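Naming follows writing order (A, B, C, D, E, F, G and H), and every chain is counted from residue 1.
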Amino acid sequence: MTPEEAKTLLERFRREEVSSEEVVRAFQTAPFVDLGFAKVDTHRALRKGFAEVIFGASKTPDQVVKIASELIHSTERILITRVTAEHAIALAEAFPDSSHHKIARCVTIEKAPPSKRPGQILVLAAGTSDLAVSEEAAITAEVMGNSVERLYDVGVAGLHRLLAYLPKIQSANVLIVVAGMEGALPSVVAGLVSRPVIAVPTSVGYGASFGGIAALLGMLNSCGSGVTVVNIDNGFGAGFAASQINALATT
Amino acid sequence: MTPEEAKTLLERFRREEVSSEEVVRAFQTAPFVDLGFAKVDTHRALRKGFAEVIFGASKTPDQVVKIASELIHSTERILITRVTAEHAIALAEAFPDSSHHKIARCVTIEKAPPSKRPGQILVLAAGTSDLAVSEEAAITAEVMGNSVERLYDVGVAGLHRLLAYLPKIQSANVLIVVAGMEGALPSVVAGLVSRPVIAVPTSVGYGASFGGIAALLGMLNSCGSGVTVVNIDNGFGAGFAASQINALATT
Amino acid sequence: MTPEEAKTLLERFRREEVSSEEVVRAFQTAPFVDLGFAKVDTHRALRKGFAEVIFGASKTPDQVVKIASELIHSTERILITRVTAEHAIALAEAFPDSSHHKIARCVTIEKAPPSKRPGQILVLAAGTSDLAVSEEAAITAEVMGNSVERLYDVGVAGLHRLLAYLPKIQSANVLIVVAGMEGALPSVVAGLVSRPVIAVPTSVGYGASFGGIAALLGMLNSCGSGVTVVNIDNGFGAGFAASQINALATT
Amino acid sequence: MTPEEAKTLLERFRREEVSSEEVVRAFQTAPFVDLGFAKVDTHRALRKGFAEVIFGASKTPDQVVKIASELIHSTERILITRVTAEHAIALAEAFPDSSHHKIARCVTIEKAPPSKRPGQILVLAAGTSDLAVSEEAAITAEVMGNSVERLYDVGVAGLHRLLAYLPKIQSANVLIVVAGMEGALPSVVAGLVSRPVIAVPTSVGYGASFGGIAALLGMLNSCGSGVTVVNIDNGFGAGFAASQINALATT
Amino acid sequence: MTPEEAKTLLERFRREEVSSEEVVRAFQTAPFVDLGFAKVDTHRALRKGFAEVIFGASKTPDQVVKIASELIHSTERILITRVTAEHAIALAEAFPDSSHHKIARCVTIEKAPPSKRPGQILVLAAGTSDLAVSEEAAITAEVMGNSVERLYDVGVAGLHRLLAYLPKIQSANVLIVVAGMEGALPSVVAGLVSRPVIAVPTSVGYGASFGGIAALLGMLNSCGSGVTVVNIDNGFGAGFAASQINALATT
Amino acid sequence: MTPEEAKTLLERFRREEVSSEEVVRAFQTAPFVDLGFAKVDTHRALRKGFAEVIFGASKTPDQVVKIASELIHSTERILITRVTAEHAIALAEAFPDSSHHKIARCVTIEKAPPSKRPGQILVLAAGTSDLAVSEEAAITAEVMGNSVERLYDVGVAGLHRLLAYLPKIQSANVLIVVAGMEGALPSVVAGLVSRPVIAVPTSVGYGASFGGIAALLGMLNSCGSGVTVVNIDNGFGAGFAASQINALATT
Amino acid sequence: MTPEEAKTLLERFRREEVSSEEVVRAFQTAPFVDLGFAKVDTHRALRKGFAEVIFGASKTPDQVVKIASELIHSTERILITRVTAEHAIALAEAFPDSSHHKIARCVTIEKAPPSKRPGQILVLAAGTSDLAVSEEAAITAEVMGNSVERLYDVGVAGLHRLLAYLPKIQSANVLIVVAGMEGALPSVVAGLVSRPVIAVPTSVGYGASFGGIAALLGMLNSCGSGVTVVNIDNGFGAGFAASQINALATT
Amino acid sequence: MTPEEAKTLLERFRREEVSSEEVVRAFQTAPFVDLGFAKVDTHRALRKGFAEVIFGASKTPDQVVKIASELIHSTERILITRVTAEHAIALAEAFPDSSHHKIARCVTIEKAPPSKRPGQILVLAAGTSDLAVSEEAAITAEVMGNSVERLYDVGVAGLHRLLAYLPKIQSANVLIVVAGMEGALPSVVAGLVSRPVIAVPTSVGYGASFGGIAALLGMLNSCGSGVTVVNIDNGFGAGFAASQINALATT
C-alpha cells in the first residue's frame, strides 16, 4: 500500500464507501507498507553508499554480474567484495569502467567519484601479510565517501616505525587497526589516541594462531579503552563501521 | 493506539479535523499498534498455556511474586522454573494453592486443572542424576495440558531395562530423551520409534563431559533420524517444544 | 523365524515332536525374530517414506546404484542425499525416471508421486548461501509426502522482508529455519509463531563462524521457546523430523 | 624534563655553559619528556572524561579510596567500576557526594554535573538479566558527558516490543546493544539504523551459552553491517567507545 | 515371564486352552524375558565383582545407605565411590564392618575377603597429587579380587625413580598409569613393557592444563603402543577395566 | 659394550690390567649397554609380533621399502600402516609375497602364517564408513597372531542388528568397537559383555562431529564400565592393545 | 649398589668367588645404581638452588612443614610456592627465620643469603593485577641467587611508561614479562632488546580472556623474535628458567 | 632530524634566529629522531645475526629475491625460512652461493662463514616426522653463529635411545626439544639437565593431536622445571631464542 493508495482509501472512507473497521483492518493487514515506507526511506538513505555491497565469495561470476546489473539502475556506486579473477573479468566485460582492486579482492563500479567527507579514516596494518584485509577495509571506506590514509607494516615488534607517525595517527577521525598473530597493535594504538579504534583480527599466522583466534581474543581483551572488534578478516565490516562513525563527524 | 483510538482518528478525519496526510502519518508512526493487534491476538492465543513462564534463576523471590501476581489476572496457570527454596516459600505465601515441584525446581500455580490433550508425551531419562532436568520437562508439558509418562533410569548400558518398555515407548506421540555423559540414549530410542524425539543433554558427568558438551555433541551427531536437540539442561525447552508438537496431533 | 515358522513349531510341540524346553530355547535363542516381528512391522511402517535414504557422501556411484537397485523392490520412493554429479549420472542411467535436485544435492526416485499430507511445512532461509541445506530439507520433507513452502533470503538484518510474509509464517504446521553466520533467524521466527520450529545451522560464514559453530550455539541458546536444533548443515535431519511432526498433525 | 627545565637548559646552552652535544644528548636521553609533553597534552585532553576510571574488581576498598583521593585533585569526575558494597561504603565515607549506581556496580564522584553533548546514545538490552552490563555502559557514557537513553527488555523473541520504539532507535547517534544467550539483538537493530552499533555480549545464559561465548560469536558473525563488538560483559568498554564516537559527532 | 511361566503357557497351549496366535503374541510382547534370561544370567555373572558399584557423588547419604542395604542381600561385596565424610559416616552406622578408604574417596563393604586372582595389577602415579584417583583405581581393582601393587611419585621429570622399579613394572599383568599435567608417564611406561597400559588423566595442574585436558590429549596421542585411555579422574573405570583384563589372564 | 666386551674387561681386571675404579666407571658410563641387554631382551620379545610396525603416512615409498628391507632380516612379519597405492606398489615390487589390505590401508609381509592364539578378538563397527579404521584394527590384531571376527554395520540406531549377534559378542575375549558420529556403540556393547571393550572413535561425520571429537567425548564418557579409548581413527592402536590383552588370556 | 659394593663385588670376582657372568648380571640388574650415581651427582648439583621447591597448593600445612624439615638438612635454602596463610603460619613456627612473601604467595627459608650472580634479571608486569605472578617469578629467581629488578604497571596501553625505562630494559640479561588480558607486552619488549624474553600469561581478565588463554595465545604468536612462553600464572617456572639462563651468563 | 640537524638548530638558537619555544617544539615534534637514534643503534646491533630473517611463506619468489637483494648490502648473512622449491630456485639464480636446506625449508646466504660461539646448542627430536621443524631450528641457530648438534628419533617410547646419549645431552648449553603427538620429550630431557630447555611442539600426529595442540599443552604443563615453549612448528623461534641464550654464555 503506497501513500497514494492510503490516501485513496481514506477518501473512500470519508465518502463512506468503506467503514472505519475496514480502514483499520486495511492498515492492520498491511502495516508493513507503512513500516515499509519508513524503512524504505531509511533504507534508501542507507543505500546511498553501501546497500549495494555484493559478497562475491559464494556467488558465480554470472550471478555477480546479474545482481550488479540490477543494482546499477538505482545507485551511484557498487562494491563487490571477495572477488576472484573470474569475477573481476566478468565484471570488467559487463562494466568497462569498473575497477579491480586486486590486493583488496574488491571490484568497485562508480558512475562518478564520490564527494569525500572532510575527516580522515586511517587504516593501520601490523604486517605485510595483513594487506588484503587492510585494503578491503580501505576500499570499502573510500567507496562510501571517506578520505582514507594507509599506514602499513607498523607492528609492535618495532615500535619506532609506529611512533614515527604519531601526528598522522593522532589526527585521524577513526582508526582501523588490522593485525594477525597476537593482535597487539590495536592496544598500542588505542593508548595513543582519543578517537574510536576498530580492530580487525586477521587469519595471518600458524600453529596456535588458530586461524585468527589468537588475534581476535587479544583484541577483545585489549587493555586499550575504546577498542571495538569485528570478525576475523572482516575488512569490509571495519570499513563500513568506520564510515558510519566518520559520517557522524561531518553532520 | 487502540482500535478505539484508531476509529476516533478516522472520525476526526471524516469530520475534516485532520488531514489525510496526518492520518497516514499516524498509522505510519504507530504501525505496530496495528501489528500489535494482530500479534496480541496471536500472543494471547499463545499465552494460553505457556506465556506465563517465569525464569526464576535470575530473579529475587520478591520479583517473582510480583510478576506472578500480575500474570495471575490474565491467565489460568503459571509456571515458574529454576526456583530455589526461597522462591518457593515466597510463592507459597502469596499463592497458597501453588505447588512446589522440588525435583523439577518448578512452582506451578493453577486456578483449575488443565484439560488434558489425548496423546501422550513420554519423558525418558538415562540415569537417576538426570531427574531434575527430566522433571522440569515433564512438569512443563503437564502444565501446558499434556498427559506425561516418565521412564527413568533406562540408560544404554543396560539395554534390557529400556527394551522391557518397548510398547510404552512406541505408543507415545512425542518422546523427550534426557541423558548426560555420552548422551547415547536418544539415538537408541530414535531407532525404535517413528515419532519425534527431542533430546536433552544434561550437565551430568565429570572430566571430559565438559559440563554437558559431550552429551550435546553426541545428540547433535545422532545416527538416529528425527532427533532434534535443545540446550544443555534445558528441560523447560524440551517440554515446551513437545507440547507444541503434541498440540498439532490433537487439532 | 517368521510367524508361520513359529506356529509350525508350536504345532510340532503340541504333537509332542519337540519338548517344551526346546520351544522355550527356540524362542530364547531367536528372540529377535519375535522382537524382529514387532520391529519389522514398525520398521516396515517406518520405511514407508524414509528408510530408503542413502547417504551418498561416503559411497561410490556404483555402491549407490547397487543399494538403490535393491531398495527399489520394496519401496515406492528412494532418497539419496549428498550426491555428486557422478552419483547423479550413474543414477540417471540406472533409473531413467530419477530426479536430480542439484541445489539440494539430492536424487529422488519415485514410482509414483506421493499423496500429500494436508498441513504445510515451511522452510525459511536467512540468506542465499543457505540454499543447499534448505533445499535438502525441503526435498526430504516432500519425498516423505509433505507439502512444502519455501521462504528464502529473509535474514534478520532486513526484518521487513520477513514480516511481509507473516500470514504464511503463522499458518505453517512446522517451520524449518535455516541460517548461518549468527543464526538469529530461528529466535525471531519462534517469537512469531506457536508451532514447532526446527533450527538448522549452516556452515556459511568465515572467521569466527567456525564452520557453523556460531550459528549452532546461537540456536541452542535461542530465547525463542519451542526451538529445537539439528546438526550443522543437516538439512535432511530437519526435513525428516519435520515430516515426523507433520505426520502427527494428520492422523 | 618539564618545558621550563628545557628552556633553562637552552638558556644555559646560549650562555655557553653547556655544549650542543650535551643538549642533544639531554633531549636524546629524555625523549619521553618531549614525547611526554605531547602525550601529556593528549593525555590531559583525554582525561577530561575518562582517564580517572578505576577498575574496582581487583582492588581493596582502601586502595580504591586512595587512588580516588589522588585523582580528585586533577579531575572533575571519577568513575569506579565493578564495585562491591564494601567499595561503595568506603567511598561514601571518603566522598560524601559520591553516587553509588547499584545495578551498574559503579560509583561516580562528580564535582559538578558535566555539560552534556547534544547527540544521544541509546542503550538497548535484550533481557532483564542484561541490566548490570547495560547500566555500566549507560553510566560510563553519562559520566563522560553524553545524554543516554535506555530501552530494556526488547529481545528478538518479541519483535513488537522492539519495533514499537523505532523512532527512538533510529534517532540515536550511537547504539549500544546488550544481549546474552544467542546475542541476536544487535543484528536486528543494525538492520534498522544507519548509525554505529556497538554490541556487548553478556554472560547471561546456561549450558551451551558457555559464559557468553555463544553471544560473542553471534555478534562477531552478525549479518548486520556496521556492528562492532566488545568483550563479554564489558559495559564500560562499550560506553567508553560510544562516548568517543559521539564526541566526534559534536565537534 | 520366567522359564516356568513359559512352560506353563506351552502346556496350556498343548491343552488347547490358548491358541497358537496367543502363544506367539505372548513371546512377541515379552521377548525380553527370554532375552532377559540370557542377559540375567550374564548379568548375574557380571555382578559377581562389580555390579554393586554405587556412584556416591550425586546421591544423599540416605540414598546411598538405602541402595547398599538392598544390594547387600544379593552380593558379597559392595563398592561406593566418590563418597564424602557424610556418606562414610552414614554407611559406617548402617554397616559397622564397612571400610572407608579416605584417600580413594571410597567405601567398601565386604562380607568376606575376596579370593585373589594370581596375576598383579600395578598402579603407577606421576605425582603425589594424583593419589586420590590412583587409590580409587587400586581399591576398585582390589575389591574385584585382584592383587594390586602401588608405585607412586614416579613422574618422568625424574626418570631414575621410575627405572629403579623396572622389574616390578615389567612383571605386572596390567598397568594403570595415572598422571596429571602433561600426562607423559603412560608413554614412557608403555615403552618399557609388553602388557596393556591403561592411562588415567587427572585434573591435577593449573592454567593450560584445563582441568585435565592437557593430560588427556597427551595420553590419547601417546607414542607408546598399547595405551588405552579412560576419562579424566576416572580411577574407577581404570580399575574396572584392569580387572576385566586381569580376569582374562586367569581363566 | 657387548656382554663379550664386558667379560673381556672383567678378565683384564682380574689380570690387574685395569683398576676396580676403571671397571666401575666403565659400567657407569655405559650402563645402558647393561640396561640395553635387559631391554633388548624385552625388546626382542616384544618385537615378536609388533615392533616392525611402520607408519607409512609420513614416509616416501622408498623410505618404507628401505626400512622394511632392513627389518625383514630379524622378524617373521612386518606391518606397514597408512599406506597409499604408491607405497603398496613399491612394496609389492620389493616383496612379491606382500599383501595389500586396501580397505585397511595396510601392507603385511609374512614369511609364514603366524600361529593363532586360541581366544577371539571381535571388531564391531557402527557403520560402513567406519570400515577403514575397523580393518586397520583387525589386520593389526591378525598379523600379531590373533583370530579376529568382524561384525560391521551394527550401529545403535537399529538395535536388532546388534542383538541378533549376541552370542558372538558375548563369547569374544576382547572387543574393539569402532564408531563415528555420536560414538554410542561402545556403551551399548559394554553393557552386554564382561570382557574388555576398546573403543575407537572415527572421524566419520560432519558439522558438530568436529572430525571425531563428538565420538571421542562420547566414548570417554561412556556409561558402560570397562570401556577404554584410543585416539581418533587409531585402528592400529586398538588392534595392538587388543592383542596385548588377548596375549594375557592365552598364557 | 653403591660404588663400595661394586668394588667389593669386583674383588670377589678377582678372587674367583663369583663368575664373570654373575658380575655382568649384577650390573645388568642394577644398572640404575650406576646410572643413579651419575644422576645423583647431577641431581645434587642441580639441587643447589632449586630442587627444594615445594608446591604448597596441594599440600596441608603439616605436610609442607614435614617436607621442609627433611630438606633443611641437605640444602642451604628452601622455596615453598603457592602458600596460604595457614602454610605460612605453620612454617613460621617451625622455621622462625623463614620469610613469607605475601604477594608472591611464597615462603623462603635461607640459612644464609645466597651469593648473587653478576647479571640482572628484569621482571616486567603489564598491570597491578599481575603482581602475584610477577613476584613469584622474582622471588624464585632471587632465592636461586640472581639479582632481580622489578618494573611493574608498564602495559602497552601507555607506552610512555615503558619507554621511560628503556636503558634498564636494555641492560638486563634476561627479561620475564608478565601480562594478562591480551598479553601484548612481551611482543613490545622483545622488539626493544636482544636478550631472551620469557613471557608469562596470567589469568587476569574476564569474559573472552578465558582464564588466561587469550594472553597465552597472544604470547605464543608473538611477532617479537626470541620470546618463549610458560604456562598461565607460572611465575615460578619463569623465574626458574630465567635463573638457568642467567647462570649460563656467569660461567 | 639527524644529530647534525639538531646541532644546526641549536646554533641557530644561540644566534637567536629561533626562540627557545621553537627549539623545544622541534624536539617535541620529532622526539623519535632522538629515540630513533638510540633505537637504530640497538637495532643495528640486533641486526648482526638475525634481523635479515625473511619469512618466505607469504611472499612470492620475486618479493623474496627483492628483499634479499636489498638486505645483502648491509649484512653478512641472510636467512629465508619456509621457502618452497620456487623460492629456492629464484634465490639460487640471484645468489649463486646461496644454500638451500631442503628439509629445513630454509635458504641461507652467507658472504663468509660465521665465527662460531664456543658453547653448543643441542636439537633433539622425538621422531623422524619432526625433522623439518628441528632442522629449521638447527639452521637458524647455525646461521646466527652457534655450534649445533642434532639428536633425532629419541622419543620417550624407547628411553634407552635417549639415555644412551646422556653425556652429550648434559653438556649442551641450551637444548631445543622438538616433539609432536603427546610432546613428552621436553619433560624427560628437562629432568636430566640443568640447562635451559626450549620446547617446540609440532603439528605431527592425527585425530586428537589437533594439529599440535596436544603437544603444545603437554609442553606448557611440563613437570620438568625450566622448560619454556614456542608456537607450534616454530623451529625458527626456538633457534633464535636458543641463540640469544647461548650468546649470553659467551660474553
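To be clear about the criterion, a contact is a pair of C-beta atoms (placed from the backbone, for glycine too) under 8 Å apart; a residue touches a chain by one contact, two chains touch by 3 or more.
As the structure is a computational prediction, the values presented were derived from the model and not from experiment.
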{"item": "Intersection of contact partners for subunit E and subunit G", "value": "F, H"}
{"item": "Winner on C-beta contact pairs when C-E is weighed against C-D", "value": "C-D"}
{"item": "Rotational angle, Cα trace of subunit B fitted to subunit G, multiple of 5°", "value": "180"}
{"item": "Far-end chain from subunit F, centres as C-alpha averages", "value": "D"}
{"item": "Centre distance in Å when subunit B and subunit F are each reduced to the mean of their C-alpha atoms", "value": "50"}
{"item": "Intercentroid distance (Cα basis), subunit C paired with subunit A, Å", "value": "39"}
{"item": "Residues of subunit H engaged with two or more neighbouring chains", "value": "29, 32, 35, 38-39, 163, 192, 207-209, 213, 216, 220-221, 225, 231-232"}
{"item": "In contact (per the touch rule at the top): chain pairs", "value": "A-B, A-C, A-D, A-G, A-H, B-C, B-D, B-E, B-F, C-D, C-E, C-F, D-G, D-H, E-F, E-G, E-H, F-G, F-H, G-H"}
{"item": "In the complex, subunit B residues that touch subunit A", "value": "3, 6-7, 10-11, 13-14, 16, 20-21, 23-24, 27-29, 31-32, 34-35, 37-38"}
{"item": "Residue ranges of subunit G in contact with subunit H within the complex", "value": "35, 38-39, 42, 45-46, 50, 53, 119, 163, 166, 170, 173-174, 192-196, 198, 216, 220-221, 225-232, 236-238, 240-241, 244-249, 251"}
{"item": "Interface residues, subunit B side, partner subunit F - complex", "value": "126-127, 155-159, 163, 181-184, 187-188, 190-192, 205, 207-210, 213-215, 217-225"}
{"item": "Of all residues in subunit D, those that touch subunit B in their complex", "value": "128-129, 160, 163-164, 166-167, 204, 206-209"}
{"item": "Subunit H partner contacts - residues on subunit F that touch it in the complex", "value": "29, 32, 35-36, 39, 57-59, 201, 203, 211-213, 216, 231-234"}
